[in-house]
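Each structure below appears as structure tokens.
One chain, subunit A, links the two complexes that follow: it is found with subunit B in the first and with subunit C in the second.
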Partner chain A sequence: MLALEHVSYRYAGAPRPSLHEIDVALADGEVLGVVGASGAGKTTLCLVASGLAPRTVGGSLSGRLLLDAGDVAGWPIHRLAGTVAIAFANPATQLSGVTGTVYEEVAFGPMNLGLPRDEIIERCASALEQLAIADLADRHPARLSGGQQQLVALAGMLAMRPRHLVLDEPTAQLDPAGTALVAAALSRLVAGGASILLTEHKTDLLARLCSRVAVLDGGRVAFEGPAVVVLSDPRLAELGVTPPAADRLRQAASEADLAAATLQRVDEALAG
Partner chain B sequence: MTDLRLEGLTYRYPAGSVMALREVDLAIGSGQRVAIIGQNGSGKSTLVRHLNGLLRPTSGRVRHDGEDVAHRTVAQLARSVGLVFQDPERQIFSGSVAAEVEFGPRNLGLRGAALQDAVSEALARVGLEAARRTNPYDLGQSGRKLLTLASVLAMRTPVLVLDEPTTGQDRRGTEIVRRVVATASAEGRTVIAISHDMEFVASTFDRVVVLGEGRVVLDGTPAEVFAEGAWEMLRATNLEPPLPALIGARLGVGATPTIEALVGALRA
Partner chain C sequence: MVIGGVLGPLLLAGVAVILPALVARVLGRLLRTSLLLSLPIAVSVLVVNLFFYPGGATVLLQLGPITATAEGLAFAVEVLARIMAISGAITLFYLTTPPGELVIDLERRGVSPRLAFVVNASAQTVPAMVERAAAITDAQRARGLDTQGSLWRRIRGVVPLAGPMLLGSLAEVEERTMALEARGFTRPGRRTLLWSPPDRGIERLARWALVASIPALIVLRAMGALG
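Then we have the complex of A and B:
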């Protein structure tokens, strides 16, 4: 369970809050997608939901972050890090910068948890395999492509085996195959009971992965509901969000004055 | 006007055994709008970094207007080819948005009103006029990406190269990028963009080059590259055709690469 209770947050030195009275609750095994225009507060929400803000980012928070029903306010950082993991939008921010190979990079988190050697090896092998990057294990993280770095950063996060996840545009730089691998890895975690909060501009991906979607606007939740309902809501475009391709296609077809039979076939093709 | 030509371009990164590009032959004529697509690690960013001399071929040649540019400096090549990196953090270093955008044209020798014109025009094109005094790090990731785009636009180079320009952009940001490409193209500039966003690629560019393991595996119009006959090759390189192409094929009107093309075909 991951929940934000009446959360408002202001960055240090900022004239006004970036988040206003956010209430979201994710049950175990639930994926909440978060969409919104640039500047709506998606990344800030990720920082708060992972406990990094205000703890390491500074600023001031009111309201509570609850993980498995416990208020994290008094938790030591290692307990927090073992319970919820965050993936930043920019893998360059995520990578430790102190390791010489992809393997060491993925092992970095588990090593810092002080896990036994055999378990670290097993976790690394599993994370690298899930994202199909075992062949990169000996490469230097800084000498990979942007998309490869994103997969390495995510593998490092998977190796932490966090109970819950917060992901800020985890597939921004990935090709469709990489995106599918990440989606599959997340589905496995969800099946294991993880709560996942996921921001994305790729609404097509959210349509596949999320049970619910929340739309942020100006630091507030404008509306929230089942993914299928929210992602086809006409207000989405007004709030700066590109609806999924299937919805836009259906919309364009319905506005194009096509024969009813043709529209029917479009619907069938989209469903099939 | 700059005609770009890559001849037998092969590149191996110094520290490793990875062959990032293998004998790439590619000619991009002045004024073309070219998207480069391909799976992660296929050599897209490596390829474009040869265009302004940031990387130099292990073997093969890069020509601008027929001239081998092996002995031209990056500073010289930057007058012809403006490159916007994928990661804005690698590019931004100034304390304000205006200063960041000024840096390039100032280095090209612009001063006074001409410099201010270049800066204002670039900021207007990306919708950041109101943010002139803002610290780039107060902009947010998408704003910073638009800023790096503006800083290269301000140099008014004949060739514009954008590495994943729509990553992290919302609806408005993607529309701004699309407009920047269209405007630059209308001015006769060459625009080359790397992207994983197939819909952006199909709707914004008139030529698509597909890289796979350091080679050009497909090269054609969006209609050709996303045609059914090419799907096998696309999928072999981990790519998927855009949804309108899949739906068009399913409906028997051909693999129409954009929503517009699909609706048009259905109406006909």
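Then we have the complex of A and C:
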């Protein structure tokens, strides 16, 4: 379980908090989607949920971060690294910058954890295979496209085998095929009991992956609930979030005053 | 500095630089690079010593108030021989030692992972910065910035390039730091190393021979056997 209890957070030097009284909890094997307009606090929420704020970022935090029911306030960041993984939208800054091959890049985290050599090799092979980038293993990470680099960064995260994942727009630079690979890898992790906090502008992906979705506005949770309910809520658009294509189509069909039978066929097609 | 005269440094360069460069098949690149590397300082050394060597008595050439002396030329050649030996050794190291392998080997021998990271990151920063500079230059040109033409225009073009370059690099530092920490980089203790560079017996022997030659050369120098 990953939970934030009454969490407020303010960056150092900021006049007001970026997060206000956040209460979210993810059970094992659950994906919580987080949406909101730019500046709503999604990235800050990811930093707090991963323990990087305030440990690395600075600032002041009130409230509690709980991992598997334990308060992690006193944990050093390297202890959290083996439990919570985070991925950012920009792949260039997630790569270590010191490795000569994709394989070494994926192995970087497990090597830091001091894991046995054979286990590192097994984890790397598995992570590369899950994201279908085994053929890139010998390439230099800096010579890859943005999308490929993002997959490498995610493979590095998968190789850490964390119990909890915090993903800040991890598919921002990926094409549909890359996004599908990431979605499949995340589904496998969830089936294995991992909990995932996922911020995304791609609400279609959230509709596919998430059991629940929270909508952030001005650093507060505006509303939260089952994904199917929240992602079709008319307030989404008012808060700067584009609903999934299926919901927009359903809405357009409804507004076009189509015959009931046609509407039903649209619904059936979308559900299928 | 230990070996005096001209022949000493050249002999040392021949044994410790040229011969290994031949074996490593990088002699051509080594000569080109080390000559380019040492050219500015070599010209300076030659001019300064040829014309301004204190106590030079044998006049080779008189150019108005400036006099070139044989003693100055001899000293300049001696210094040049040393410079060539030093720049050759540095270039040989650069041409034959990939930074990644060096860092892994250092780490294997007990150097802290953080120090190893700093060395490695520094070595890899230059190509990354060059790529970033090229991207920013292209972006600024696309927006009408003139980075070609007269010297003045080029100088004026530096400011719009340096700003994004510097700010972009600084902005990335924080996110890169967070990504490293999230991957356990600050964990105390030794990392697991997946491999280590091959280290043959002959290479170990050559290294120890070079190390052992240092005190031997110092002793010989002190005894006056090296000129």
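Following the convention adopted for this analysis, the second predicted complex is superposed on the first by the 272 of 272 C-alpha atoms of A that agree within 3 Å, B and C clash if a C-alpha of one lies under 4 Å from a C-alpha of the other, contacts with A are read in each partner's own complex, and residues count from 1 in each chain.
Rule of thumb we're sticking to: a contact is a pair of C-beta atoms (placed from the backbone, for glycine too) under 8 Å apart; a residue touches a chain by one contact, two chains touch by 3 or more.
Quantities reported herein were computed from a predicted structural model and do not represent experimental measurements.
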Considering only the touch criterion stated at the top, classify A:Ala92 as touching first (subunit B), second (subunit C), both, or neither. both
Classify the contacts of A:Val241 with the two partner chains as first (subunit B alone), second (subunit C alone), both, or neither. first
Name the contact category of A:Gly109: first (subunit B only), second (subunit C only), both, or neither. second
Just checking: does A:Ile121 make contact with subunit B only, subunit C only, both, or neither of them? Give me first, second, both or neither. second
Tell me the contact category for A:Met160 with respect to subunit B and subunit C: first, second, both or neither. second
Once chain A of both complexes is superposed, is A:Gln148 in touch with subunit B (first), subunit C (second), both, or neither? first
Where does A:Thr56 make contact in the superposed view: on subunit B (first), on subunit C (second), on both, or on neither? second
Footprint overlap on subunit A, comparing subunit B with subunit C: 90, 92-93
Residue ranges of subunit A touching subunit C (in the complex, touch as defined): 47, 50, 52, 55-57, 76-78, 80-82, 84-86, 88, 90, 92-100, 104, 107-117, 120-121, 142, 153, 156, 160
In the complex, subunit A touches subunit B at residues 36-39, 43, 89-90, 92-93, 139-140, 143-148, 150-151, 169, 172-178, 201, 204, 237, 240-242, 245-246, 248-249, 252-253, 256-258, 262, 265-266, 269-270, 272
Subunit C to subunit A touching residues, read off their complex: 98, 100, 103, 113, 117, 120-121, 124-125, 127-128, 131, 172, 174-194
Residue set of subunit B touching subunit A in the complex reads 13, 15-16, 18, 38-41, 44-45, 86-87, 89-90, 140-143, 164, 167-174, 196, 199, 238-240, 242-244, 247, 250-251, 259-260, 262-263, 266-267
